[in-house]
Amino acid sequence: MFEIFYLMKESAVKKIAVLTSGGDSPGMNAALRAVVRTANYYNIECYGVREGYNGLIHDDFLKMGPRSVKNIINQGGTILKSARSVEFRTPEGRQKAYNNCVKHGVDALVCIGGDGTFTGAKIFNEEFGIRVIGVPGTIDNDIFGTDNTIGYDTALNTAMEAIDKVRDTATSHNRVFFVEVMGRDAGFIALNSGLATGALDILIPEKKDSMEDLFANFRKAEKTGKASSIVVVAEGEKLGSIYDLANQTKEEFPDYDIRVTILGHIQRGGSPSCADRVLASRLGYGAVVGLMEGKTNVMAGMRSNDLVYTPIEEAIKKHNEINKDLLLISEILAI
Amino acid sequence: MFEIFYLMKESAVKKIAVLTSGGDSPGMNAALRAVVRTANYYNIECYGVREGYNGLIHDDFLKMGPRSVKNIINQGGTILKSARSVEFRTPEGRQKAYNNCVKHGVDALVCIGGDGTFTGAKIFNEEFGIRVIGVPGTIDNDIFGTDNTIGYDTALNTAMEAIDKVRDTATSHNRVFFVEVMGRDAGFIALNSGLATGALDILIPEKKDSMEDLFANFRKAEKTGKASSIVVVAEGEKLGSIYDLANQTKEEFPDYDIRVTILGHIQRGGSPSCADRVLASRLGYGAVVGLMEGKTNVMAGMRSNDLVYTPIEEAIKKHNEINKDLLLISEILAI
Amino acid sequence: MFEIFYLMKESAVKKIAVLTSGGDSPGMNAALRAVVRTANYYNIECYGVREGYNGLIHDDFLKMGPRSVKNIINQGGTILKSARSVEFRTPEGRQKAYNNCVKHGVDALVCIGGDGTFTGAKIFNEEFGIRVIGVPGTIDNDIFGTDNTIGYDTALNTAMEAIDKVRDTATSHNRVFFVEVMGRDAGFIALNSGLATGALDILIPEKKDSMEDLFANFRKAEKTGKASSIVVVAEGEKLGSIYDLANQTKEEFPDYDIRVTILGHIQRGGSPSCADRVLASRLGYGAVVGLMEGKTNVMAGMRSNDLVYTPIEEAIKKHNEINKDLLLISEILAI
Amino acid sequence: MFEIFYLMKESAVKKIAVLTSGGDSPGMNAALRAVVRTANYYNIECYGVREGYNGLIHDDFLKMGPRSVKNIINQGGTILKSARSVEFRTPEGRQKAYNNCVKHGVDALVCIGGDGTFTGAKIFNEEFGIRVIGVPGTIDNDIFGTDNTIGYDTALNTAMEAIDKVRDTATSHNRVFFVEVMGRDAGFIALNSGLATGALDILIPEKKDSMEDLFANFRKAEKTGKASSIVVVAEGEKLGSIYDLANQTKEEFPDYDIRVTILGHIQRGGSPSCADRVLASRLGYGAVVGLMEGKTNVMAGMRSNDLVYTPIEEAIKKHNEINKDLLLISEILAI
């Protein structure tokens, strides 16, 4: 049936290359594995390109088969390595990259990464007509066209487990902790990890915060007898740096024992969660199948448990909205 | 706005009771916390009932406030305890239960649990007219009306991490492991944890399996040079007990070093994952808000990231379908 | 035998109080549980004192029995809460504290904590003659008289797991990470977590470091083809702040992509490891038995798997030496 | 100093081979890494032998350098694979093995494993005079001459975490769980994981157990109001299979809701704990240094934090004693 269908029909691609680019995220290896094994299953040749677009430019291609991706589904990071390529931003760089694709007879690219990665893929496709398909691999979940990005669920659990630990100390010492989680432009990690750890307040770029509101929450907490508190702050919070927030709070509440913790890069690593491994497997598969069906300049995503393809342009321009209910709920539950 | 709306309108309920029933699942405490704190926020009195329906029958009610649910969002199990109540299956038992609800002036029940729990709630509502709302708390994910049940994501990660460990040994010894995961009637845990751990084959009640197909996969694996394999089997697999499967495989492949591992009850416990804590918080909130809006005999669920209410009858009768793509993908990727 | 012995002999104490003081560490709850249940077993009354020495001063005593410490063996932090008491540093404060001990008829104190905690206990004993016994609870492992302090093993695993995650990113991006772990005066956490994560270099207060040596290691690593590196730095490193080290390295190696991560307070929390739960159980038991035997002004510790008692003065003054072999081994293995 | 010493002196070995044999344990890879890199550091050639003694017999040697063991310190299992070799038990098999050692000019063997592995090494040394040194890698901790074996600490934490999860369910349902942990002849895992999880009773081969004592503990627990219980049973318990124990308990206490869980092979896998990685690194280093110093037919171990060498014969014949205090303490604390 489904499967037979592809085996019979003529695939639009014969030889593909896959790369991981931008910030790494847990599950990139699982996506890579899915791309390589799906290609193999449908008799499509597959190259891995090292260090993102730099590998295209410097001809760092390696032939990949089913065994070259064994035992990586559970590993964080990416065995192909990743990089942000300055040279690929130049026409000369992209020309070199294209020449190498031609040289290896690669007729399509699977680009695993985030915004920047997709922008590069889009331009590359428009300039040289080579087929490209994107797979959303980033912990920030700031890509449109998929409910979750690969690595997001793992990062949520990493942040949550770290905050759970901080909370042991906060409770034991009646302290106030300001915890910064990743998310330059998106508050998804902060909002969900904050809700999951019973944070007193959650400060994210998408909502207008004020010190007055924060202070009000502290006062409310005092009334209800809450002895310790955690405030989760997204990296990109507009109200100020986490140190500013902590200092202003200390001025308002001199008695508070206030500490700052920045979770930092631990959020990018680690063995992917089950949800991320499954998502990565489905999207890696979906990318190859999409190319076989002749799709290009699109991103493979999962929405409501269905495989969908979104024009890359849309995926970059539009953004998943923060769920307003979650803000209200986190406020109600942090009593 | 949204919030104000409720504060202004007249709530359909004044005093509610919440209970956890059936097999426990990680996140039940987070759901309980959300019910209690949301009720408190909207000035609704809230009782906790211990040991499920037995607590209703034996008048084991305790008044709960925001502080009674502190520091439980990250704890597995349920502080209200759970039980399967034989007495509640009798009219006499339910009459006693109703009398206690009347005695305490409880005008609505939030029932956190699975199939059995919901059946009880439905009958109780039909017999006595008391408002009931269900919250799906079970690791099996076999409830219709919600994309995921509370505890399912945590159980997936627990099963996956255990299989990852088994795999270290399998690989080091070139062994074949048959691993049984939970799921009497549903293969969700087996399918997803199997896909996430690169299982050679996944045997679930929803699909027609045969020893021939399994043996064929072993032979295919040998050809591709796969030295060790893991076969994930759902508890409810129809082909036979996991020991039968292992023995028949041993007869077919006498050289294989075959082992059986049954993960068992570790899959029910543990600190809930971030996804489960967030889901539980949203559904606990949704249950109270649903009752305030006058809903009854329904279950609160999340579908495509939206809060939805499904008639309990439907939630029990219908079932989430296993995703056929996943079966194909797991087969393709297990090369 | 052993047990009977105590039941027969006359115990030197009838009523004890236990407190946790100073920085919290994973396993304090397990130690507390052991103190309370051992006391109960030998028919000794037991009080818990909240917030360390402050609780003594402000009469925050609570009667504790076997059930008051149930389900805490696996919890980080301390249910008695901890605090650094300024008031206890004054004769007036200690006088108040003593009066409350007399008032409750407490004839001995079990003090769970680190250096500061023990200093306080020692003075308290010398001034008022009340029996005191110390239990080493700190993640820093900087207490003499015990091979490991309670919480140290858990902190090692927390730091190691965090560095493992950082390493996924480091490897994927060919980056250099400077990771700061806890340890103001002691490099135990840095040395062991660094060795366990294959750190290129480990900078600790106990050894004379130089930027030249660090740079030499970077150059050696380049030669051997090591593409990414992690440098683990103890909080108390004398060579400079972790940011200074990173900046100087950047000046020397402008091409390096260098990042800094400070693990911070996550190292104090979390569910205790098995080794810490067992250690805490043995020392909590040992503290009570020590008091029964008439010991005072000593600390209970484990050395070479034996329960030993060390004068508190020694425990504070002397220090466990960093194992020189470990420094050599970490250098050899980080090739 | 120390280091220079070796560089100057003449090493007793020029070319060594390392193998892992018997049941795998977490940390074998870390030990292997230490052997290979220490050898490299002291300019000793190093071969890895695959699948234990079988690799010696079938000439499965591979040259190993510092890079061949990168990124394995955190991985469970063994990249050299392990096996129990029947052929090596025959003189013919060992002759073949010796011929291959001669062929490759290997003048010493590092054998990582347990009892069986060491017995093989001893005979091999006695028959052919080839130098051998043992490194204790087994989760059972049943080797004399080292405080802990490599993998034991990790297995303890794996068992403990699994039992913690089981406990969530036990508590929620007022159930009694019988949990079987590994340990055919040794109760170390059972005793320590049982103590660390507050088990009501711990049944191990080293102590004379009786159903009467077990039942007495259940009755005592009922009196103290303990609603749920966990009984940890070592694989090698003499009183009967875990199912027998559960059934007899059910007969005695018909009202109990009793369940059985067998943790099984998850205890052998997983990323090694910090303690195991450090131990493995020190022993791998110690094995090479021991061979350089001319030692043979000994095992490298750590006792009281010192590197010690024990004649293999002793390591096999003698056994670490179960700590009697621990039995008493676990009984006292399980009130």
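Letters A, B, C and D mark the chains in the order given here, with residues in each chain numbered from 1 onward.
The rule we apply is simple: a residue touches a chain if its C-beta (ideal position, glycine included) is under 8 Å from a C-beta of that chain, and two chains touch if they have at least 3 such contacts.
Computed from a predicted structure; not experimentally measured.
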Third chains touching both subunit D and subunit B: none
Shared interface partners, meaning chains that touch subunit A and subunit B: none
Subunit B and subunit C: spacing of chain centres that average the CA atoms, whole Å: 39
Where subunit A and subunit C are represented by their mean Cα positions, the distance between them in whole Å: 36
CA centroid of subunit C to CA centroid of subunit D, Å: 27
Sequence positions of subunit B contacting 2 or more other chains: 164, 171
Pairs of chains in contact (touch as defined earlier), listed by label: A-B, A-C, B-D, C-D
Subunit A contact footprint on subunit B (complex, rising order): 2-3, 33-34, 37-38, 40-41, 66-67, 70-71, 73-74, 147, 153, 156-157, 159-160, 164, 171, 192-193, 195-198, 224-225, 271, 273-275, 277-278, 281-282, 285, 303-305, 307, 323-326, 328-330, 332-333, 335
Subunit D - residues contacting subunit B, complex: 20, 24, 26, 28, 51, 75-78, 81-83, 158, 162, 164-169, 171-174, 177, 259, 261-270
